[in-house]
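So, here come the structures, one by one.
Same chain, two partners: chain A is paired with chain B first, then with chain C.
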Partner chain A sequence: MKSIFSPRRRIALLAVALLLFPVVFSGAFARDIGVAFLLAAISASAWNIVGGYAGQVSVGHSMFFGIGAYMPLLFYSLFGWSPIAGIPVGIVLSIALAVVIGMPTFRLTGHYFSMATIAVAELIRIFVGTWDFVGAAVGLQGPATARGWWDLTFRSELPYYYIFLAVLGIVLATTAFIERRRFGFYLRAIKASERAARSLGVPVRRTKMQALALSAAFTSVAGSLYAAKTGFIDPDSGFGILVSVQMVIVAALGGAGMLFGPLLGALILIPLQIATNTWFGGGGSGLTYILYGGIIVVIARFEPGGLFELWYRVVPERWRRAYAT
Partner chain B sequence: MVAVQVIVGGLLLGAIYALFSSGLTLIWGMMNFINFAHGEFVMLGMYAALMVVVWIGGGPAIFAIAAAVALAALGVAIYFSLIRHVTRGPMLAQILSTFGLALLLRYTAFWIFSANFVSLPQNAMSGTVNLGGIYLPIAQLVAGLVAITLTVALHLLLTRTTVGSKLLAVAEDRTAAMLMGIRPDRMQALAWGLSAGAAGIAGALMATSYPWSPSVGETFGLIAFVVVALGGFGSVLGSLYAGLIIGLIQSASAFWLGAIYKDIVVYGLFVALLWLRPQGLMGKT
Partner chain C sequence: MLLDAKNVSKAFGSFLAVSGADLAVDEHEIIGLIGPNGAGKSTFFNCLAGETMPTTGRIVFAGEDVTRAGPAVHARAGIGRTFQVPITFEDMTVLENVMVGAFLRRPHRNDARDHARRIVELTGLQPEQRPRSLGTPGRKRLEIARVLATDPRLLLLDESLAGLTPTELQAAIALVRRIHDMGITIVIVEHIMEVIMTLTKRVLVFNQGHVIASGTPESVVRQDAVIEAYLGRAHRRQQDQKSV
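What follows is the complex of A and B.
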């Protein structure tokens, strides 16, 4: 007799819930939360591949997000092309940047990678903010009114919701796929002990590089989706450190290195963020980040494995058996 | 003459960079640990100086020492409440702990002090001095010289005294140091106190000549990374040279390229270093 909570059914249940959410909650506000949730889950899941599974903690993932966000709008404002044209360009540029950062830093310890990511993200943010070609400090605008579906400019939240959901599905399916392959085992071996992994013949540098490139590509797509949805991008909303913070905290709160960790993190944090913004008005965003900082410190100090690991530890074993994958 | 002025000004600013960066490199050398909140310590040092001036009053010597003591206490408190518990944990916890701390301190500062730029009121160090045709603000001159002295003092403390030997012993081998009767916890707490104290006094020195807002913490934190990467991780003397070089590069590029490019040049240098000489000027591989 299979429990209703068997892993496969649980995933099916989750998929159905996500598919039905905007139908059940048809208010604009609820759908807006749904879209924000999906976007946070996509970018945090992308971060999770290198930051969670491989244990290489990037605190500058906004550089890939920003590239992904800028490219579609840049192509639109230069040539009037559909924003879709910029998405693959963003992916290619993000992977190239990942190689530029990964090649030198993956020879050194993980701290060095973290420092490099934050410095490069900041370098790009300042650079973009002074470069007139990409709109400098003002940023870029997307199509105001859609010429067709290919402009990805919809008046309703609904198309965004299902596009984002499809992308989230692709990211999670890819992660689940590599989780079971040799590549996934390599990643976890590197996270546990790089030296031990190397002595057992794991190609450490190449594996880390591939994880970063894959993560960068997905993060870039997340940025493109954000730009398509907002129709506007500036240096801070694309490359700002808070963009990176959001990815890190969403993944780490739920459980870094766990498939559904980012989903759980986004499920808790996005409503929390919207609530603080609504209650405290303009000053709320500052308060949100004080809260984020506090949460990150508490996770690091008491529960580095995130909420999923806490759950596994406190929930009695006989319940847990049904959840074991 | 203008060129000389730019060079001297850059070196004096670089001396302050060297001082707070030596705090970052000390922690890295001692514990193999990167403090992402280091720039926030500098920023808090600036506000500590301001609060002392406004509420208690007193000259530069008083508020600089007060800022150093306040930040050293904060550093020790952070070590015992947070850092000690994460050093043995996974890498994720180590990086997230100070990264989260940086956010917490930065946005709390925004909340309390607002995002407006502030500066210290007139004090004994206001005014300029004419050194053979070079006009220098007294504050900048004094701050730069004090910063160099303190950085050299920190270097001597680490290399010439018993306490320094104990600190280095713990850095070398924690267990062996423990067997020699050294308490690693105390030494590491001391390192955090020294590190944050150096950041605090550097902040107070800088506050005498530059206006600031809570957002400067991020900039200084990144500058400290660049200085430490250039000077070599764990080398105080290296960060002294690197700090002076970075200050020089920054003031030269601000003057000849334009003020908005000074950070681009410095961060670009960091990326170039990553590729060419990741161990820094004086670092070991």
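What follows is the complex of A and C.
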């Protein structure tokens, strides 16, 4: 007899909980936390494809997030078009950038790859900050009042919550799909040993490139959602290193290379981050860096596999089986 | 002829690791490469596997020139290899490890899984085990299983039988025989002479980057150059005692 904790039912329970969250917690603050959680989960899940599964730890994913965030507002600023028009352009540009960045940087491994991605993202941030066409350091603004639903400008948090939840569902479903296919196996093999993977005929560079392109596309969508929600974007909130670092930490805290790792990481980190910002006001923004730094040290030192791996190690297998069957 | 490596040399700067080595392998052969540490066996082996590009020479496999091709191309052509120090995919189960190999010629998951299950059974491993719980002999067996799943025509075994207990060694020799019986050609680098004498019909002896002898194992071990460079005088005394 299957218990309510079988894997499929756990996913169904999670989906129901996420669907009902804004109904149960109808306050604006709770819903705001919910939206921030979903956005962090989308970004980190997108990063997880290349950083978690393929083990290519990019710390420059803000370049894709920023492109995704700028395009909708740029189209609105230039032509008065709906921000939705900029989303596919952001995706295409992010994929193109992923290919251009991936070709030279995938020759590098480990820390060198991470450092190269930071350098590229920072160069783009500085360039955007001085480019008048995209608002330079001031940035861009979206519609102040909505002309219709297509402006993605809502007074309530509720529509954002369900749009973000739908996108998260798509990202997770895509990840779950590739996880079970040859592509997913190849990514995990590359993460473990590129040398061994090559010896088994795995096209390592092509697979990494495809993972980066897919990851970039979803990260770009996350950026577009962020811009639609806030109605404003500037170089720091789009391309800042903290954007990239947050994706890495959220995924690593929950479990990089695991489907629900980013969700668990976001569930812990986002309320914590909002709490520090609330308690300490403007002075709390510096605390976020300290919090991130502390989490990096703790994860790297004690639990590189994240909390899910801790669960698998600490909880005896027979208990887990009892839950699952 | 399945593999034809001609005049293969590999230089690292001014150091010549392999100098003008030739190796012709017919289908269904088992060939041994022996020699002291640093003789150039592994470098030559890596050239055959596509991991190291030869400085000079030509490697033709099944009529296709693979001299400048990388390891993934070699694998697709039908050359499979194991590593001296086994490299397994630690976060995957034994079955998943083998499935990575099986995916090479079976893109669909169910086909790859069924094929991987058959190989895991053949090699006597437990499909749900994790590599870290296997120990060195088990990990070496897993590497063999993983490369077998790619359906190689030529299998390059790099000291896959080293470090085993006598019982494990007999089981491993039996496994290599079974693989050979499946019609797979094997080139084996090994230090254990028992393995070479039992399994191979032809041996190449490397020393200081050169092939110093080749022939049947029985003839090679009696050659002065081989005894001097690799087997040592103790081996000669053993041979003399046996003949008395």
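Definition applied: the second predicted complex is superposed on the first by the 320 of 325 C-alpha atoms of A that agree within 3 Å, B and C clash if a C-alpha of one lies under 4 Å from a C-alpha of the other, contacts with A are read in each partner's own complex, and residues count from 1 in each chain.
Definition applied: a contact is a pair of C-beta atoms (placed from the backbone, for glycine too) under 8 Å apart; a residue touches a chain by one contact, two chains touch by 3 or more.
Everything numeric here is computed off the predicted structure, so don't read it as measured data.
Look at A:180: by the touch rule set out above, it reaches chain C but stays clear of chain B. In the overlay built on the shared chain, the residue A:280 is in contact with neither chain B nor chain C. Considering which of chain B and chain C touches more of chain A, the answer is B. Looking at the shared chain after the overlay, A:107 reaches chain B, while chain C stays out of its contact range.
With both structures placed on the common chain, the touch criterion links A:59 to chain B but leaves chain C unconnected.
Looking at the shared chain after the overlay, A:196 reaches chain C, while chain B stays out of its contact range.
Residue contacts after overlaying the shared chain place A:304 against chain B, while chain C stays out of touching range. Residues 191 of chain A lie in contact with chain B in one complex and with chain C in the other.
Against chain B, in their complex, chain A makes its touches with residues 51-52, 55, 57, 59, 100-101, 103-105, 107-112, 114-116, 118-120, 122-123, 126-127, 130, 191, 241, 245, 248, 252, 256, 283, 286-287, 289-290, 292-301, 304. Chain B makes touch with chain A in their complex at residues 28, 32-34, 36, 82, 85-86, 89-97, 99-108, 110-111, 218, 222, 225-226, 229, 260-261, 263-264, 267-268, 270-271, 274-275, 278.
Across the complex, chain C meets chain A through its residues 49, 51, 70-72, 75-76, 80-81, 83, 87-92, 96, 99-101, 103-104, 107, 109, 112, 146-147, 150. Of all the residues in chain A, the ones that touch chain C in their complex are 180-182, 185-186, 188-189, 191-193, 195-204, 257.
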